[in-house]
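In the two complexes that follow, chain A is the common piece, with chain B as its partner first and chain C second.
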Partner chain A sequence: MASAPSKLYTGSSFFLSDKNNTHVFHSYSMFDFVIADDVSLLVVLMDTNPFFWSTFSLQFSDFLSHVLTFLNSILLLNQLNQVVVIATGRNSCGYIYDSSTTSDHGLETGTMPALSSNLLLKLEEFVDKDEQLGKVDSEGAIASSLLSGSLSMALCYIQRVFRSGPLHPQPRILCLHGSPDGPEQYVAIMNAIFSAQRSMVPIDSCYVGSNNSAFLQQASYITGGVYYKPPQLDGIFQYFSTIFATDLHSRTFLRLPKSVGVDFRASCFCHKQTIDMGYICSVCLSIFCEHHKKCSTCGSVFGQAQADVLSAANRKRKTLDT
Partner chain B sequence: MSTGQVIKRAKYKTSVKDPGTPGVLKMTENKIVFRPNDPSSGTKLDMEFRFIEKHKITKEGSNKPPWLNLTNSQGQSYIFEFESFPDLHVCREFVGNALAKSEDAPKVVSDEQLSTADLQRRIKLLQEDSELQKLHKQFVIGGVLTESEFWATRKKLLDIDVSRKSKQLVGFNNSMILDTKPTSDGRTNKVTFNLTPEIKYQIFALKPAVRQAFLKFVPSKMTEKDFWTKYFRAEYLHSTKNAVAAAAEAAEDEELAVFLKDDEILESEARRKIRRVDPTLDMEADQGDDYTHLPDHGIFRDGSKEISEPQHELYRRTLSQDLNRQGAVVLEGRTVDVELEDPRTVAEALARTRNESIGNTEQGRLDRISQMTQIEDLQTPQDHPFAPLCIKDPRDYFDSQQANAVKTLNDSQAKFDRCRLSPEEAYGSLRKSIYKIKTVGLSDPIVSPEVALMVLNGLTQNISSTKSLGKNSQESVLDRLPFATKEELLHHWVSSQELLRHFWSSYPITTPYLYNKVSKLKDAMSLLYSKLEEIKAARSDLRHQVSLIVHPMQQAIEAALSHYDTDMRKRAARGAEKPNGYV
Partner chain C sequence: MPQVKIIAKNFMDMVSSLPAMKLDKLYENAFICEAILRSLQPLAKKYVLQMLYIDTLVAAKLMEEWVLPDWFSKHRVALDRLLQLRIFTETVDRKKEKMYRINSTFQKNLQKLLVHGEVLPREPMPPNTVRLPSLEDLEAYALAQWEFFLLQLISSNQAERSSSISSAMLKVFKRGLLSQRDKEAPKLTESGFQFLLMDTNAQLWYIIREYISNSEERGVDSADLISFLLELSFHVTGEAYNLNTLNDVQRITIKDLADLGLVKLQQGRKESWFIPTKLVTNLSASLTDSSSRKQGFVVVETNFRMYAYSTSKLLCEILQQFASLEYQLPNLIVSAITKDSIYNAFEKGITADQIISFLQQNAHPRVALRIPSVPENVTDQIRLWESDRNRVEITPAHYYDEFPSREVFEAACDCAREWNGLLWEDSKKMRMVVKAEAHMHVREYLRRQK
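The block that comes next holds the complex of A and B.
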């Protein structure tokens, strides 16, 4: 049983390459006999956008300290809990920690538990790689992080866990994000959100940036997760442990913060701008900020005769759900 | 009364059994003073009339001595024994007048001519409504409004209170009086009906024929008792369902027949009602649907089935008829407001109300027919004067919205771009952070207890405030604010409403009084305005939510203030021409 799914996934490029897949599945096999509904698989997407952190009031080192403590406490909550950390960089994303594959031996230093030193080592490697990738097109100057990429990676990981057998930990995704939304990622992020919704994976979001993130608000809203923007950044660990540490089973009994309003604005497909009002292709529902003769997504040709005759005000406009 | 005082010799008793202390009773307009003959005696009395609630006297001719018994509001009584009944009568009259006067007296308080009842009602309202009390304290005691001004806008409140006090109307008894069951003593063949005025009234209301017969026969032809005996005999015949016997009895006794036959008055009333039905409705057609006269149709009542016997149709009454009549009378309610004791007055009053309702129905019926049968196509079109609705190009609105959205988007991006570093620097600082945590280790304690407490408090507030969010999104903004701020805002809201209502109702300014009032109101409003500003500044973390609520209030106040300013300017311009007085 444990080996069956591995055939499907052997050679998957997005898993940590230095780890043996059979080892991964071996560790899952123990869930076959002992697994409770409060065992969680927590996939943490950590924003490592250097531009954001270098300008943000909270030091990245402090933030890391809170996050590491939180990860430790998640693992302590239940012996079977599993934590995966994915770094969301500016140019790339990568797994930097997986509690099921990392053997926490030998790396323990005087100041750090093994988990943290492992993670930090990986993080450093990741940051180096991310910087090198950035140099290829350095003038792009994208302020946002690749949230869509890390979301997709998290979902892929969770899919693999789903297929590992009938008994698997309850997965959920936690986005620790700070950089502003990249409207150009709108389609990819929305697709990721909908696939998370389909596979019943809640996306929790802890947004530390200055404004609210419309993407994350929508992600949490659609998937039934919690979106929270902590006002007290020096106590962020408290928020983590109070809100985001709760497993899915306990959430049915707890009252967690509800988001008051969700920014449902969409980005247009043509200029990747966030818009309040736009045109929607009647065939494939693509969103455009201005009138096109032909849908760039599905190629449908929009009726022209009416538009020429009538005034601009009578052109078909459709309000997006806001 | 005219002399203003009465002095009589009397004995004062504190109780009925008390032998009494002889002395002199002196009554002035608002006081009763009793001085005993023996100055050393302790039984003196000096009290005001307003404490006296009622007075009683013994009857002349009874074997009791002439006593005057005064009772105060606590139920304590003061008994005076006079030497003769004439003395007693003089005193009683005086006491009566004095008491009547002391009741009226408090009505003349203050310049506003307030009755005590009014005053009490106001006090009660203030006590019941803490919000109102706060307002009253703020504005009336604060000198912005006068007492009468404050209440002038709340007349309705006072009125409602009064109407609530008014006696509830007693409706018509819903039980079928036809079911009045006789009681029998079991030994003789006699049955006894117990009649109360209420039942009599019900019978009169239900059966106009009985009422008419009562008016016709009672004093002249038979006594009231005979009348009711006959009536119940007729009822009894009905209840036996023996139409044949009823017909036989009716043939013998003319008066009895009145009760047994169908009520003609009812019939004529029914006919009148039918005439009031939509004239285009064919009532004749419905008669075909009536199948109750067919054999084997009927309603069980008292265990027996009503089966029609056409030959005695006249003396037959069906349960449905009874029920309908009862229902109609109950729905009509109590139309007569007279004492029920005398059946004759009740009967007369009922007869009067019935006659009133018969008016000129025929003309109305014709009018309605012509209205109902109008054919729309043949009428001239009914032109309503209208002004075309003018909506500006909706695109303008949408475009402006979009521009705003793009602007905010650009703003956020610009802000971020502003503090952009070179990639090397940025990555460098990130790496430095990682290095730092590697060397320093995790901070200990990770969260200070104070911060943790703040976080937990904040979260609790956040969660509890969004509790009812799903149901009522209207309240959410206010509910998310801390309780104190919420209360303060609500109070300011009510105050601003009060001030604005008074402000706008004072325009146009026609008297110096209004002028003063408006300037006072203006000052109060500008004070309120600055208070609102303070709240906005104080709650910087919730500034957005607070300003959402405060903004409309401030707008309303601003509008009032600017109106005041323009009005003052106009006034000043005109003032040169008319130096005296206000226009």
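The block that comes next holds the complex of A and C.
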């Protein structure tokens, strides 16, 4: 029953996004002009964890100005490009910008373009609310952000776009993350990653924190996105524009950073710790760091009682057959 | 026919063919930089963005490393385009290495756009001074105006003569699309019909391109006109802009554009203003965007019936080019695709692929979800009819039978063969078919035999 979980999720990753793109490209080539579908929907998940940013070498405001320029550049590249920004807080997540609903004109305040002022306003509201939620919680919680929440929100948004009709932009997710992984979110994040893989949405990650993030490495690896940890933070916009601004169509042609080593370690379901080796339930593939008598997820009984469980299952099948 | 085929992707060719001086002048306008950037291929766009904050020369060798070796041709195409548009400039250093850098005016303008966002050249008028139409009304107005324009094109002989379309515009679209032999009513040419089957954006670009290319005749600088048009495309749909902000040339242009439904002109007590419609704001959207297409309305069934949910008179006319109208309800046009109707279309120079792509592009949302959106048997049949036309060659000919004797028949066959005019013979029943041009000779020969 014990196996090496490190090999658990490697086999299933494949890069469908590229295939899909070339398919779109060919199916239109019967027309006189070549349709290059580079219309993209970029969902940016931005880490707003105050515990991380207060200890970080780069000021949050500086980082934000790079991000704003990057968002502008995405919108500049194609009239139909769409940008959604979701803030990943400590206790909650929220939409703080959506280019399809906010009109960039009209709200002009004079000193600042509409995109930045709208976004900043919403961001401030969000951070305040997030802080208030935190006070209710007990102090001294782990300084990780709610990545699973914002990933799910992004995927929900993308599903809505998929269902809006046959002509929709090519979606991708970009995680701008800095805070360390929260092992307690392992299951939720893995589920989000697999649903992203199923709907062929690549997750790019730009990790600015100190150590590599195993979650984001896996997310990008499995979904065929790009994981990159910029070695230098001064000109982070250049990294954005060189790597993360690449639309899915051009990714077929360009040389983008490849993942060198991906940390495939999983967290156990019982204590939410990252483990190298552990026990796996043979029925539902739940992971545990120590031997249990019964699987906490599916209720299968381990150990000596195994034979009984099997025969019970067989008997059930037989009764069903007859 | 090729004339229309080229135009679909051609605006940039037109811009890139401008002399260097004019191009550099164009790039002083930030909107043009934006529009041109958007019209590039994805890879070229990417390169521009990547180079945007690099102030030094970048070696060509280094750039080649950006792209995967298999796709080197794509890289070449993108770079050539950028060089052609003078967005990148090439220099060769002492070691004979090629180096590139981005055009500094272009670079500065785009940087400004990224940091400060768009700033329109003219402020919209405050909404309390003018009465603005609702967005739906405006769109309906634009489409009606555009349809009226197209309707004139398709049935120029029966259209109401009280058209408001200015002479400059008429001259523009008559060129190439309409042919007029003296004293006859003007007739649509092949490319005219193909033009009608294109989607609105492509049609618009065709007209605008013609409008620009003959601007010199009207004494308007084409670079000025291009920059004004692109500038207009960045205005906000449905806002009012004062006509005072325009110069004389622009004011004349605006009037022409109003005839096409690109802008709506309105007059107040003291001032007059223009309201951009969706047509003009779509102008800068790159032509290759498939997603900008409007909602379709045509349902084709496997029994060759075609239902078009539309009230448009124009659409009815277009459908009649390749289908026979059965009946028309207030919001529904029912027609059938028949061999005759399709042959009619072929006669006019429309190809099967054009008809099929028209049907696919305008498929009703219900059927657009299906793959294929147009039933396969219908598309196959249309293609077959086309290949039939290519397979069967019609030759005028004469039929001979009732020969008095086999000798006479054989001799007549030989004679026809000599003139290279024997199409078919049946020696058993003594029948033969002779080409029309050989008929005279064979007849003469037979007469002499008597």
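One rule holds in what follows: the second predicted complex is superposed on the first by the 261 of 322 C-alpha atoms of A that agree within 3 Å, B and C clash if a C-alpha of one lies under 4 Å from a C-alpha of the other, contacts with A are read in each partner's own complex, and residues count from 1 in each chain.
Note that in this section a residue touches a chain if its C-beta (ideal position, glycine included) is under 8 Å from a C-beta of that chain, and two chains touch if they have at least 3 such contacts.
All values reported here derive from a predicted model rather than from experimental measurement.
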Problem set entry | Side-by-side fit of chain B and chain C on chain A, or clash | fit
For this session: Could you tell me if A:N211 is touching chain B, chain C, both of them or neither one (first, second, both, neither)?
Result: first
For this session: Answer with first, second, both or neither: which of chain B and chain C does A:D62 touch in the superposed model?
Result: first
Exercise. More residues of chain A are touched by which partner: chain B or chain C?
Worked result: B
For this session: Kindly classify A:A114 by the partners it touches after superposition: chain B alone (first), chain C alone (second), both, or neither?
Result: second
For this session: Could you say whether A:Q79 touches chain B, chain C, both of them, or neither, answering first, second, both or neither?
Result: second
Exercise. Is A:P50 contacted by the first partner chain B, the second partner chain C, both or neither?
Worked result: first
Exercise. Just chain B (first), just chain C (second), both, or neither: which does A:D38 touch?
Worked result: second
Exercise. After the superposition, what is the least C-alpha distance between chain B and chain C in whole angstrom?
Worked result: 5
Exercise. Same chain A residues contacting chain B and chain C, which ones?
Worked result: 69, 116, 235, 237-238, 242, 255
Problem set entry | chain B residues within the chain A interface of the complex | 393-395, 398, 401-402, 405-406, 409, 412-413, 415-417, 419-421, 423, 425-427, 429-431, 433-434, 436-443, 446-448, 451-452, 454-456, 458-459, 462-463, 466-467, 469, 476, 480, 541
Exercise. Which of the residues in chain A come into contact with chain B in the complex?
Worked result: 48, 50-51, 53-55, 59-62, 64-66, 68-69, 110-112, 116-117, 120, 123-124, 127, 130-131, 134-135, 138, 141, 143, 180, 183, 210-211, 230-232, 234-235, 237-239, 242-243, 255-258, 260, 265, 273-277, 289, 312-313, 317
Problem set entry | chain C-facing residues of chain A, complex | 28, 30-39, 69, 72-73, 76-80, 104-106, 113-116, 165-169, 235, 237-238, 241-242, 245-247, 249-250, 252-255
Exercise. Which residues, counting only chain C, touch chain A once they are in their complex?
Worked result: 5, 8-9, 34, 37-38, 41-43, 45-46, 49-50, 52-53, 65-68, 71, 74-75, 110, 113-118, 120, 236, 284-293, 353, 357, 365, 368-369
